[in-house]
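Some notes on the structure that comes next.
In order of appearance the chains are A, B, C, D, E and F, and numbering begins at 1 in each one.
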Amino acid sequence: MRHDQRAADQLRCFKITRGYTQSAPGSVLIQAGRTTVLCTASVDESLPPWLAGQERGWVTAEYNMLPGSTQPRKRRERGGKVDGRTTEIQRLIGRSLRAVVDMQKLGPRQITVDCDVLEADGGTRTTSITGGFIALVDAIRSIEGLAANPLRDSVAAISVGIVDDVPVLDLDYQEDFAASVDMNVVVTGAGQYVEIQGTGEEATFSEDQLAALLILARAGTNQLRDIQCEALASDWPC
Amino acid sequence: MRHDQRAADQLRCFKITRGYTQSAPGSVLIQAGRTTVLCTASVDESLPPWLAGQERGWVTAEYNMLPGSTQPRKRRERGGKVDGRTTEIQRLIGRSLRAVVDMQKLGPRQITVDCDVLEADGGTRTTSITGGFIALVDAIRSIEGLAANPLRDSVAAISVGIVDDVPVLDLDYQEDFAASVDMNVVVTGAGQYVEIQGTGEEATFSEDQLAALLILARAGTNQLRDIQCEALASDWPC
Amino acid sequence: MRHDQRAADQLRCFKITRGYTQSAPGSVLIQAGRTTVLCTASVDESLPPWLAGQERGWVTAEYNMLPGSTQPRKRRERGGKVDGRTTEIQRLIGRSLRAVVDMQKLGPRQITVDCDVLEADGGTRTTSITGGFIALVDAIRSIEGLAANPLRDSVAAISVGIVDDVPVLDLDYQEDFAASVDMNVVVTGAGQYVEIQGTGEEATFSEDQLAALLILARAGTNQLRDIQCEALASDWPC
Amino acid sequence: MRHDQRAADQLRCFKITRGYTQSAPGSVLIQAGRTTVLCTASVDESLPPWLAGQERGWVTAEYNMLPGSTQPRKRRERGGKVDGRTTEIQRLIGRSLRAVVDMQKLGPRQITVDCDVLEADGGTRTTSITGGFIALVDAIRSIEGLAANPLRDSVAAISVGIVDDVPVLDLDYQEDFAASVDMNVVVTGAGQYVEIQGTGEEATFSEDQLAALLILARAGTNQLRDIQCEALASDWPC
Amino acid sequence: MRHDQRAADQLRCFKITRGYTQSAPGSVLIQAGRTTVLCTASVDESLPPWLAGQERGWVTAEYNMLPGSTQPRKRRERGGKVDGRTTEIQRLIGRSLRAVVDMQKLGPRQITVDCDVLEADGGTRTTSITGGFIALVDAIRSIEGLAANPLRDSVAAISVGIVDDVPVLDLDYQEDFAASVDMNVVVTGAGQYVEIQGTGEEATFSEDQLAALLILARAGTNQLRDIQCEALASDWPC
Amino acid sequence: MRHDQRAADQLRCFKITRGYTQSAPGSVLIQAGRTTVLCTASVDESLPPWLAGQERGWVTAEYNMLPGSTQPRKRRERGGKVDGRTTEIQRLIGRSLRAVVDMQKLGPRQITVDCDVLEADGGTRTTSITGGFIALVDAIRSIEGLAANPLRDSVAAISVGIVDDVPVLDLDYQEDFAASVDMNVVVTGAGQYVEIQGTGEEATFSEDQLAALLILARAGTNQLRDIQCEALASDWPC
């Protein structure tokens, strides 16, 4: 039994609010238990310099924890040196979202998905991917004159890990802290892997443990796909 | 008549939500029309180096606009160079809050009030002060063993300006953009000035105009004091 | 009686030297008591990127205290992080000078007014504005082929404050340190306000005190306008 | 058939030179085909600030590509902003090495493993781990007075990927560029996983493909363990 | 004949003003023709971290050109990246001054000599050394309770170069720009070399040319020693 | 007798390996005793911004010590602030190489010579110049369609110094540390000086000592020219 009474394969309560602010075309508040992330997606009709002159578009992401999202307070990353963890996470979010976008169909524009963590209780990177996808859908819907839908599929992510030798799904902060192995898995609506990142910091894991974690992760992302479909309703074909 | 039908001396709709997140002892979502700021206050039981060894405390503030809070998207201030406007604003918020705190009574600890703008529609700095005060109250209430209340008074702030030659209260972004004179006024619950910052960028103003603006500002901060009192209810003596 | 025998409404001794160096078209050494600022104004016949292609010009300012201008020695701001105080001051100087310049008449060029403090004894920001205006006049006079004078008016600035409960004019460092309220006021030759910045750090002020401070400030800027006129002689119509 | 005639499950030629320089206690030149990395391990008898006062040690890694290691020349990372890719790689190397070190037995000292790429032809991060382990062994051997061996196991890493729909082992740059899926796998001498990082940039992969890649990776790291054992000879119990 | 009518071995007019400001114990304005440098020397009764706990002192220097000291305006070095030329110059000034100071006799304190160029017309680094020495003398004189004079000798510096194939002394900017070889020579009052830096950018020089340049430089520094002695009068034993 | 049995005028053993890596057109490993530097030269067919549109080329250099090249480990210069010593050295290398290149004949392209120190035992900057010249030759040889050879001469460099009052050639680290005077001399194959940098940190030197050092340096660079000729064989006319 987990400390919050969940079963090993049970997700926390997920809640998705679209249109949370009006200042960005995609604006989604996603909550997974106490973890709360504001995902906004902005469209820039110009391309980054390294894509200048091309017909294809780009999707990128930025991730940030607000100082008050955790205790003790997290210092702002303003010193010109972005934290290695932050860099890794925002690169992961960007790659995950790009995996389901057809850049030719998006056309010569850039979408930036900003994931700002308002409250952090574990799973902020995977929650950012799951919520960021919804913001991306809304931002793309706001673009006028697209000839075809650039979205090839949906994408969602979840964490799994080994806590007290038991593989569990969707770790909160307390479990994450105690886990010997931590894995983040990104899966499309069609069930294809986009990314697997499994790490045993000062620990290792066997082939059997890997297999058990992947089964949990696929079950979890399946459920998240359904939650995304429900939030998008008629705006997404499920 | 103003573009949103308000009278010249009418505030926008203000809404204050205490305990918006659980991750910081003070956590307040404040909305002024569409302007939305998350103010969290964190307590650090150690002092900044320049106060080391003293018996008094310190209150400081940081201000930040989330990238999606405005369009076009605002670039994150991660390049090691904090924007001059940001620096000015967070110094103003810090000074304003310190004006009502007795640092001896606070004791050797530091409170940081983070004001993160989720949606920006004018007045973000004054809204940060008004909401930051509530977060500060809640953070101070969370400290155990304080001998006396370090708060001497409440504090609130509002913007006034001259738009189309008419002095108006509580400018939104559209009015702010059109204003020839812009003034931010910070006033305590007892009606004392803490700060006046009046600026005519590429414009100037007369003594009569100054007088009219100050009258509007004092009426506005009076109302904000009442709104703060209501939000704090029994936690603040009004 | 003030510590240096001045009356409450008395300025320090002001001295303005035009053409202090030959390396910049405007080069003014201004002294207010011991406070000494070298103001140089340079003309750049290209515009900053954000104004590229426009027909109007721009005036900007930078402020800096030399390390030996104060004791203990002030560390140089070379670490990539310009001090918040410096940023605020140079923004104030820039806005104040721009308030009296017609950017259309200046044409597509930028003037930078550099205010380097050689000795600091209070009032460095207001002295920079008062001296910077003279440097600006000389820089504009050096531009060949201007169809019309871009200067609409003169501008000068002074500090006022409350020291031992008495409102006083033109505070030196010792008074500034002891003041409960500090206010900088920028006024044009015609008597219009450009900027008011009044601050009670860990203190507040009443409506009556505000009124007394403004009267002092206007009398002070009146005298500075006359001192500027004398320095400019036939180069300025007074 | 691969472009360099290798079989799908064939490693490139690996060569390990211990004691390449005398300036660091661990100094290993490792070559994998044309990929060449100099791994040096230095021992610092003091701990980083966040471990101060503890009895346990720490192992960290830094990764860097020399400018001439690739064409066009790679700009040096001196601008105060370390590239996201670099950050990710050096964090991966550090975690991988730490997984086989008993920090209590290492005692209160820090070992830094520097991996400088002299020539880059794909697989630089995995080659850094495989060579870095040898440098780590030599650095630990240089410490006098250790009560017990802090090394619990050996560790090696290899890349696998899907190129033209075929899973292949140990990709060089040309294959890496063409791969739709890229995976780095870190495995201990005993066959336990330390880390799995699989990424489909603008692509995805199925469960079957994942299984095939893992089989290749385990065969490859098995061979690398033997190569490491041979290089270490009597200095390591295989 | 040189463009300003000087003989090949003739110095420009040198003028030294001691006590130029009162804010630093050593404060010297030195002019060499139009080149003008403000040298201030400040005493810090604590040592830099790397000397902590020692009985000896330290002398360091910083060099800076004010933006208006040259045209076009020189950008301030605030971006976190100090210009290579600036770094070289301030290291040269520091080494030159340290060569005549007995650090044991100075005791556990640090003197910083700031050389801020108000107007630049060639020879700013050598003028900084010559003037900086005077500021250093005055700063050392301000220290109370020194058991013995830490100054072993005086030090002065001059530039020489080859312009139109002729070796000349004390180049101004126009000559410096045209020179094929540029050499800075630092010599003590007793005639010992402290530093020689000779450079042929896109040019080279012969043994005979080197000999001719050194003769000019020694004659020049001899004269500067006399000028320094005169400025210091009874405060220095000549 | 020197600590390593060399005569006062004897070079260490020099070894030059061309084509050390294949990733850059010029790639030279140069060893002087234990000092080991990898010099790679890369050709960029575009010019730096400040030369844009010109017909002439540019040669620049960067210098870096790998962390493990010395003990204790040298921290990487990633903090946005390149060390003053590094800046000085890479500027010296660049000037030295440019002195023998005809930029018109090189044409509108830039060559960057990277000197990465793998092991540091004194004389790294002069060894970088001597080895960098060979890498430069190979990079120029790789350019197709040059009308004429841009190289006017060869260039080599050596250090000399005064150790225990004796002038010696080619100091290793132990001698460099003990030297009272340190001088780096850069000389062309034809025997012309390119650069002389002599420094007495906390010491001075006489005219006679200077003369003795220059004789040693010229004998040393003569020998290095022959070593360079041998390494270049038929690729350089000696």
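Going forward, contacts are C-beta pairs under 8 Å (C-beta built on N, C-alpha and C of every residue); 3 or more make two chains touch, one makes a residue touch a chain.
Being a predicted model, the structure only gives us computed values, none of them experimental.
Enquirer: Where in C-E, E-F or D-F does the A-D interface recur, with over half of the contact pairs identical by residue number?
Expert: E-F
Enquirer: Which chain is most remote from chain C in terms of Cα centres?
Expert: When every chain centre is compared against chain C, the largest gap points to D.
Enquirer: Can we say the copies chain E and chain F touch using the same residue numbers, with more than half in common, or are the two sides different?
Expert: Over half shared, hence same.
Enquirer: Could you put a whole-Å number on the gap between the CA centroids of chain A and chain B?
Expert: Centre-to-centre distance between chain A and chain B: 33 Å.
Enquirer: How many angstrom lie between the centres of chain B and chain D, each centre taken as the mean Cα position?
Expert: Taking the average C-alpha coordinate of chain B and of chain D, the gap between them is 51 Å.
Enquirer: Could you say which residues in chain A touch two or more other chains, in rising order?
Expert: Counting only residues that touch two or more other chains, chain A contributes 79-82.
Enquirer: What part of chain B is in contact with chain A in the complex they form?
Expert: 20-24, 27, 34, 36, 38, 40-42, 44, 62, 64, 66-73, 76-82, 112, 114, 116, 118-121
Enquirer: Which residues of chain C touch chain B in the complex?
Expert: Its residues touching chain B are 80-82, 84, 87-88, 90-91, 95, 98-99, 103, 183, 188, 192-207, 210, 214.
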